[in-house]
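This is the structure I want to talk about, given as structure tokens.
For reference, chains read A, B, C, D, E and F in written order, and residue numbers begin at 1 within each chain.
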Amino acid sequence: MDFNLLIGNFLNPPILFFFLGLLAVFAKSDLEIPSPIPKILSLYLLFAIGLKGGVGIAAGGFQTQIVITLGAATVMASVVPLYAFFILRRKLSVANAAAIAATYGSISAVTFITAAAFLEKLSIPYGGYMVAAMALMESPAIIIAVLLYRLSSANESGTAFSWRELWRDAFFNGSVFLIMGSLVIGVLSGEAGAKALKPFTSDIFTGVLCFFLLDMGIVAAKRLGDLKRAGVFLTAFGILLPLANAAVAIPLAFALGLSQGDAFLFTILCASASYIAVPAAMRLSIPEANPSLYVPMSLAITFPFNIIAGMPLYLAVINRIWS
Amino acid sequence: MMPVKRIEIIVDELEMPKVLKLLDDAGVSGYTVIKDATGKGDRGLRGGDDLTGVFANSYVLTACPSEKVDLIIESIRPILKQRGGVCLVSDAQWIVH
Amino acid sequence: MDFNLLIGNFLNPPILFFFLGLLAVFAKSDLEIPSPIPKILSLYLLFAIGLKGGVGIAAGGFQTQIVITLGAATVMASVVPLYAFFILRRKLSVANAAAIAATYGSISAVTFITAAAFLEKLSIPYGGYMVAAMALMESPAIIIAVLLYRLSSANESGTAFSWRELWRDAFFNGSVFLIMGSLVIGVLSGEAGAKALKPFTSDIFTGVLCFFLLDMGIVAAKRLGDLKRAGVFLTAFGILLPLANAAVAIPLAFALGLSQGDAFLFTILCASASYIAVPAAMRLSIPEANPSLYVPMSLAITFPFNIIAGMPLYLAVINRIWS
Amino acid sequence: MMPVKRIEIIVDELEMPKVLKLLDDAGVSGYTVIKDATGKGDRGLRGGDDLTGVFANSYVLTACPSEKVDLIIESIRPILKQRGGVCLVSDAQWIVH
Amino acid sequence: MMPVKRIEIIVDELEMPKVLKLLDDAGVSGYTVIKDATGKGDRGLRGGDDLTGVFANSYVLTACPSEKVDLIIESIRPILKQRGGVCLVSDAQWIVH
Amino acid sequence: MDFNLLIGNFLNPPILFFFLGLLAVFAKSDLEIPSPIPKILSLYLLFAIGLKGGVGIAAGGFQTQIVITLGAATVMASVVPLYAFFILRRKLSVANAAAIAATYGSISAVTFITAAAFLEKLSIPYGGYMVAAMALMESPAIIIAVLLYRLSSANESGTAFSWRELWRDAFFNGSVFLIMGSLVIGVLSGEAGAKALKPFTSDIFTGVLCFFLLDMGIVAAKRLGDLKRAGVFLTAFGILLPLANAAVAIPLAFALGLSQGDAFLFTILCASASYIAVPAAMRLSIPEANPSLYVPMSLAITFPFNIIAGMPLYLAVINRIWS
């Protein structure tokens, strides 16, 4: 693979701050970002990326390319949790298998955002509609996982289950809602709005991302301990499944004629795992699943793997194929 | 002063709305909630991880006449069973005003 | 009225984010801006608008126009609570009538700020001293309402009452104090200071405002429920009184020879209702008044009405008359 | 261990300074305050609305010798009467150190 | 319902990790922590000054069988002695689920 | 001394906001910056100054000047706590003397940052390595003070003492760690990284500093009360020791051939007192020391003195000598 990409990515401030966060925990420093700042930073990132995407769509206008991309996104978001589930069932309870399948079927907005920043650093263009793809890919895995769980488990124990609630958690949870909303607002307000918001949504964006990844590093390092409980199988799963998804996504993107930038983001989306939308939904819909399995897997294994090794790897492969 | 029962319930933040609804249904005169209580129990450390929001508890205190206690306990027990949590009952005097 | 204004206002990102906030609650999304972020955002907005105003005054220098405008502002801020009180007394207890009168006699800084952003979007100029006018209009209604309350109610129940405390709440409460302070600092530090602060106070301003209005939308929607308690009379009052105040303010502004921009802001100030300074003061000085009447009235009726329909309406009328 | 009375008071955040002053005047050895407790009672839901600041409660716990209890109750009762709130008294053992 | 002892400990935020460790060592089934409790005591006002972080307290509640109480008390007493703080023990019923 | 400097400093927005904060408390306004915002603002300031310094170093490249400066910094940071301790011992217990010695031997990052902003306002250049000097000067005083305390006090009371913990508190506490980390990241990412981060770390910097100093003013004013307990001796100490340190630092800086900007920052570092890193460390390592002595001394006396009178004074003297 292309080592310049790897190094270039390493020396990217956001990634360096992620490492600093890890280091802070290993060095037992008391450095921490006090609650609720991480939450507001992530809201900001969703807000900004949503607007950016919307403005991009407004500028690009409608293209069949968009429909194809969004279609492919939805398909991948529905297929991944299925095959992930059957792999996981070999070792895990229905509940845990379903929850982890949802985690990997859905996406991580921050991984996407870091990848988008990576592209911008390399000045590789990408379509605003990729943000819509991200938003679309967040929910299906949740629905499918809960279906799998309820079909393959007779357990109808205790508290009543409400599909309406599940639907709401899947499609109207805070992060999906904010991305989608900002996206639409970006489309509606277009250029004019974009100009007024640029200093807030674009100029300071990288800085805020650094701060946020600093916290991600701290949280990830703290969760590393839980991996003992996860064991070798799940740890390996946390790296191999993203690679497998990428191996499917890249050819698919090529076949569909996506641009390099779009293909890269599409790949990152398929390879990434959720740690915000899904855990929240799983706690309500699959309470028997153990959060200290699926949260550290996505947060402490898959997220770091994707932004450190995954991004340059996927991009290197894409460059090979597309050129 | 009026003798009452002090009921303290600690559950996953996400369960709190259900618990409060059950308290209302049980007809308590009121309750007090303290959000983001962290803690440790059978289901491990609940550090109140702000990023994922998972692992956060909530604490609720309600004072009610002793005859309501059993009703309340029975209604919340399923939640405690399924999602874990703690419920403590103690005696107190309510200052009537 | 001029529909382009209405549409233009609709497509203004801050307004769109206010709608998104409303929508989030209606769609039962769990989207929320965690405490204490809304508070710090509003502090930022007061800080920024105060500085902007101060720099504007420093640039403009002293003009009799300023004295006239500030005089008119003080008069309106003292007259409105009086007549509001006597209207409200027909249906409400002394305590509630006085508290609501204070609410509508005082002003809403965020409405003012949204209106100022609206003007800047249309590149209509306004005087920095309008910010001073805003600060001036926050307090008198509080004093007058408490006077009305204590005169027309024999009740001297329970805890002792302290005029010093009231005075302090009225003139030194956090928001008034921060606006006034930033205004003075803006005047003192002038151009030099302005330049150093511009990226923080101006460039990212619209973005922060969007974020804040998103939260305003959420809070307003949550308070809508309380309106049942308020009933038809108070709901109508929440729309008709602003219109009445505007109907007084516009001719007055014209008579006094204010510029269109100043007239618009003057009108919005008279039409707006407080939901920060006044509720805080009322709880201490008129505890018998019911906050779940006066808070939702200003937050869930008058604020949305003013920024959605009021702003374009008032401006359209002003354009008519001035031209 | 020394037997003491545990007094818990929940009032509107704005009233808390007055309550604490009264506790000081009553000569308690100390107290512990937990801010932003939300809740529900006769005066409706107190959601702790962060924007307006209205509707937020505060919780205070003080442990004092039983002979102080009546004095404290009498001194805070007017506040509870006028602004609402709750006061609970229970028994506890103070670990002398 | 199972009779238990309710142990409440209020100490300097910085001491809390030590206290929790001692509770674990004493083999309690769990505990609940409420951070940033402010307060007042022999060592003056603890306003929870956010800038310096000094002067903030933490509150921990643990319910345990009465036979554990003495062990817990003895293990935390040195901390209370040296750094101040409060420990209250009261009776409660644990809702077994 | 040069009164223009004094006035110029007075009219500097950050200083004006510090005064506004003091005023808010004196006027009994309820203005406050809600927790945890002050903490996150200070993290931002450390983050930004660290990056700025790192980029500066990367640009400047290696110079022997750097080694000399850092050496001098370390020496001063080790000598000051020693002589401070022996002065303080005449009046105070070992514990309090050691804690206060640590406070004055260490530094205040915010004082440094305010001083750096002051230089930038006067467009006087300074070396990025001064940030490294600041980070270096934070820790030694902590170690030395604890050594003095443990040597001159037989007390080995109660809880066991761990040197590893102390070492960690001294060198890996949150603020030191974040400055150092950002500094290194600034060096690694260099120009490219700097450009991407500039809007966040430089453009909005002054604005955030104003906000932070507003809070510092509030906190300082609230702590003024504690000074009664501190008494005349410690109050005087809080002003005279910084002057003494400056009187040593300035000639030393001149002898070492530092530039005026570097000399000024070096002086401010020696004259400043810690109120974040040190109190945290002291509570753990010297619990017998009374925080309501050393915190208000640095926060309510030395900090205001340095940023209001100290900065222009030191700079005036330096201008005299260097020219």
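Operating definition for what follows: a residue touches a chain if its C-beta (ideal position, glycine included) is under 8 Å from a C-beta of that chain, and two chains touch if they have at least 3 such contacts.
Remember, it's a predicted structure, so these values are computed and weren't measured experimentally.
Visitor: What shortest step count links chain A and chain D in the network of chain contacts?
Guide: Contact-graph shortest path, chain A to chain D, evaluates to 2.
Visitor: From the C-alpha centres, identify the chain that is farthest from chain F.
Guide: Relative to chain F, the chain whose C-alpha centre sits farthest away is B.
Visitor: So which chain is farthest from chain A, going by the mean of the CA atoms in each chain?
Guide: D
Visitor: Specify, for the interface formed by the sequence copies chain D and chain E, whether it is same or different in terms of residue numbers shared by both sides, with half as the dividing line.
Guide: Different residues, largely: of all residue numbers at this interface, under half are found in both copies.
Visitor: I'd like the Å distance between the centres of chain C and chain D, where a centre is the mean of that chain's Cα atoms.
Guide: Averaging C-alpha atoms per chain gives centres 35 Å apart.
Visitor: Which whole number of Å gives the spacing of the CA centres of chain B and chain C?
Guide: So the centre of chain B lies 40 Å away from the centre of chain C.
Visitor: In chain E, what residues contact two or more other chains?
Guide: 34, 36, 81, 90-91
Visitor: When you check chain A against every other chain, which residues touch at least two of them?
Guide: Only 35-37, 39, 199, 203-204, 280 qualify.
Visitor: According to the definition of touch, which chains form touching pairs?
Guide: Final set of chain pairs in contact is A-B, A-C, A-F, B-D, B-E, C-D, C-F, D-E, E-F.
Visitor: Inside the complex, what are the residues of chain A that reach chain F?
Guide: Interface residues on the chain A side: 11-13, 16-17, 20, 23-24, 27-35, 37, 121, 199, 203-204, 206-208, 210-211.
Visitor: Would you tell me which residues of chain D are touching chain C in their complex?
Guide: The contact residues of chain D facing chain C are 12, 14, 18, 36, 44, 47-55, 78-79, 81-83.
Visitor: Could you list, by residue number, the parts of chain B that touch chain E in their complex?
Guide: For this pair, the touching residues of chain B are 8, 10, 34, 36-42, 57, 59, 73, 77, 80-81, 86-91.
Visitor: Contact residues on chain A for chain B in the complex?
Guide: Contact set of chain A toward chain B: 35-39, 42, 157-159, 215-216, 219, 222, 275-276, 279-280, 283-284, 287, 291-292, 295, 299.
Visitor: In their shared complex, at which residues does chain B touch chain D?
Guide: My answer: residues 1, 4, 6, 20, 24, 29-35, 61, 63, 90-95, 97.
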